[in-house]
Amino acid sequence: MSSEDHRHDEGRMRRIEAFSDGVFAIAITLLIIEIAVPHLENGRDLEDALADLWPSYGAYALSFVMIGIYWANHHSFFGHFRRLDHFFLLLNVFFLMCIAFLPFPTAVLGEHLRHDSERQVAVGFYAFGLLLPAFGWLSVWLYANARKLVIERLARAYVRGLTVQYLISNACYATAILLSFWSAWAALGLCVGLTLLYLLPPRRPVYAD
Amino acid sequence: MSSEDHRHDEGRMRRIEAFSDGVFAIAITLLIIEIAVPHLENGRDLEDALADLWPSYGAYALSFVMIGIYWANHHSFFGHFRRLDHFFLLLNVFFLMCIAFLPFPTAVLGEHLRHDSERQVAVGFYAFGLLLPAFGWLSVWLYANARKLVIERLARAYVRGLTVQYLISNACYATAILLSFWSAWAALGLCVGLTLLYLLPPRRPVYAD
Amino acid sequence: MSSEDHRHDEGRMRRIEAFSDGVFAIAITLLIIEIAVPHLENGRDLEDALADLWPSYGAYALSFVMIGIYWANHHSFFGHFRRLDHFFLLLNVFFLMCIAFLPFPTAVLGEHLRHDSERQVAVGFYAFGLLLPAFGWLSVWLYANARKLVIERLARAYVRGLTVQYLISNACYATAILLSFWSAWAALGLCVGLTLLYLLPPRRPVYAD
Amino acid sequence: MSSEDHRHDEGRMRRIEAFSDGVFAIAITLLIIEIAVPHLENGRDLEDALADLWPSYGAYALSFVMIGIYWANHHSFFGHFRRLDHFFLLLNVFFLMCIAFLPFPTAVLGEHLRHDSERQVAVGFYAFGLLLPAFGWLSVWLYANARKLVIERLARAYVRGLTVQYLISNACYATAILLSFWSAWAALGLCVGLTLLYLLPPRRPVYAD
């Protein structure tokens, strides 16, 4: 690979990162748009109406933190790749499609969590909405490994560790979907717990000697 | 052309690219806003209501990929131009107007595809929504060629090849509009097929010896 | 003024420009969100419903071009200033507030233009929506001149020419508002005509010898 | 701390700033989306309907200026920090979550201020919406001080002065919330007054000898 190609790839990498950062920033800020201002009917109190929106506030905070974590980790994630190809770029667009989709399940969760008959579907759909970007991220990673786009200096154990971590993350969200058929609260608890786990600082890259 | 003018043009080119990238990122992320959270009336199931939104999910994915492809190709497209003028800039604003319009036909397609009596109009309108940016892109290209804004090193056959490709693309979307009067599904299939074609890696520029 | 202060001001200037470009890109892309997907009631045709939205399409195109022109001119406008102060920054925030407001009168125009009894108010309100950013722009310019923030090399006649041009622009929009009380179409024609005028290339700065 | 770590931190700092600027620009431009175009029912006049939206215009302007001030101050705020850690980054995400939340209380204020029975709750909720980012900002500052992330050259009196200023700001918004139980207009006046205060130029950093 010539040094000109290398510089070309770096430019494209930076452009993908800037575009991704844009999508993260827009998706995270759009979350609030999905909370509708309550219109008071039948003499309902504004105070009660605003208080009744607690599931929307919770869903807003949860999804905001989730997208924030993806944003925070995306840059160091991209630091793992030394070059890219066309399909890598397409998988990144797919990953961003999953991130940009999140405001919708967030709104569904916020609006339907309070009703007993809709809670399980709402939580299951939200867990699915969290599974999507986790799956997109994993796809990018697996593809980059298969096509040797990952920088070679990285220690094998570190690379394998990341693969395992991303697989477990996908498995957990899939579990949350299944769990929602049995108990909405348990499934939601799993989603919240995973988010709290992600708040821990990410591992620093380990390089082979 | 003095070297100062040249640097001035490069700065303006970069500014247009940054602005275009911003519009791409915002339009692509706004697509989800057009999918309304289902309000359950008449005892409808949330599961059914979410499943019934499949045309909206499909339209979301299709338009996301379309805008993603425009974004991915826009940078190398701009690499073809060595300078710009005022009307070139205006045509770019026109192109962006067409990109930013796409969320609307996407929403129309998502909401009306499921009804037999509205399907043909919805698909035809969506195909029109796809024709618009293809036409804007072609206009920028034809104008740049007519005003000799294209870098001279490019091989003639390569330049002619791009012109033919952009013309065919426009013809295909126009065909999809006409096709929608006969069969909505055939027209939609053509739109999806074209999008899949665009997923192929773009041709690398060919330079004259 | 020390050279460190100068570099500090340049950094702030770049930051205001980047922020303004962001607001331009977001406001221009949000315009489409204001066009609501038609819900068909009473057996109305989708084709008719989409065709009936022509005032919304027109208002979308007009406002898109307006914001696009402001974006295109903003960079060279900022090239006129050699330093800034706190109140200059606040006036810029005021100008951006006027730009970001434009999607609202655009939506009002699109939704109410077709009704005879609402047309005059809708057009008058839209002309007011166009007057606002023109007034914000003028305020920034007059303040910068009063506080000698404008670069000194600019020819006096050129500076005076810009002042006159911005004043006339404000007067025209104010006229359009007044005109709307007499004839909505005449007022709208004036707004469209002004936009077409703005499509002409801006004057190049003229420097004193 | 090695010079490589230092450069790494600077890169992350710039990335947080760029992301924050994006969220500021998007949140500020989304404010207008929350003002719904009036649909005329029962023969209401468009002129009256647009005039009746004055609380929405006021809330729009107030929140726009507030976010604009946060944007203007954020850059020099970040100039106070010489390094960052993981929890600092998380607190910044929390601060941005509070900024991005503001369009919602703004919409609540705009829609419910005109009704006597809802005014107090609407103003109290809006004051709470202003308290949130003030609290986020204070948290970032207190944490950075506790963890010695603040540059050491800053004069102690200046650092202490900022802490006091941020604490007072939080106290004022908390007071506005309490005040709203007694008088909505007094509470709103306090919020407006604070915003006007923030329009004053921020203090320049003072360095120890």
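Order as written gives the chain letters A, B, C and D; numbering starts at 1 within each chain.
What we mean here is this: a residue touches a chain if its C-beta (ideal position, glycine included) is under 8 Å from a C-beta of that chain, and two chains touch if they have at least 3 such contacts.
Nothing here was measured: the structure is a model prediction, and the numbers come from that model.
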- Item | Partner chains that chain B and chain D have in common | A, C
- Message: I need the rotation angle between the copies chain B and chain C from a CA superposition, between 0 and 180°, in steps of 5.
- Response: 90
- Task: Look at both sides of the chain A and chain D contact and report whether the same residue positions are involved, with over half shared, or different ones.
- Result: different
- Task: Return the distance between the CA-based centres of chain C and chain D, expressed in whole Å.
- Result: 26
- So, what's the distance in Å between the C-alpha centres of chain C and chain A? 37
- Residue numbers of chain D (touch at least two other chains): 22, 26, 30, 33
- Provide the full list of chain pairs in touch. A-B, A-D, B-C, C-D
- Item | List of chain B residues in touch with chain C within their complex | 12, 15, 18-19, 22-23, 26-27, 30, 33-34, 86, 89-90, 93, 96-97, 100-101, 103-104, 107-108, 111-112, 117-118, 121-122, 125
- Message: Quick check: in the complex, which residue numbers of chain B touch chain A?
- Response: 21-22, 24-26, 28-33, 35, 37-40, 45-47, 50, 60-61, 64-65, 68, 71-72, 75, 199, 201
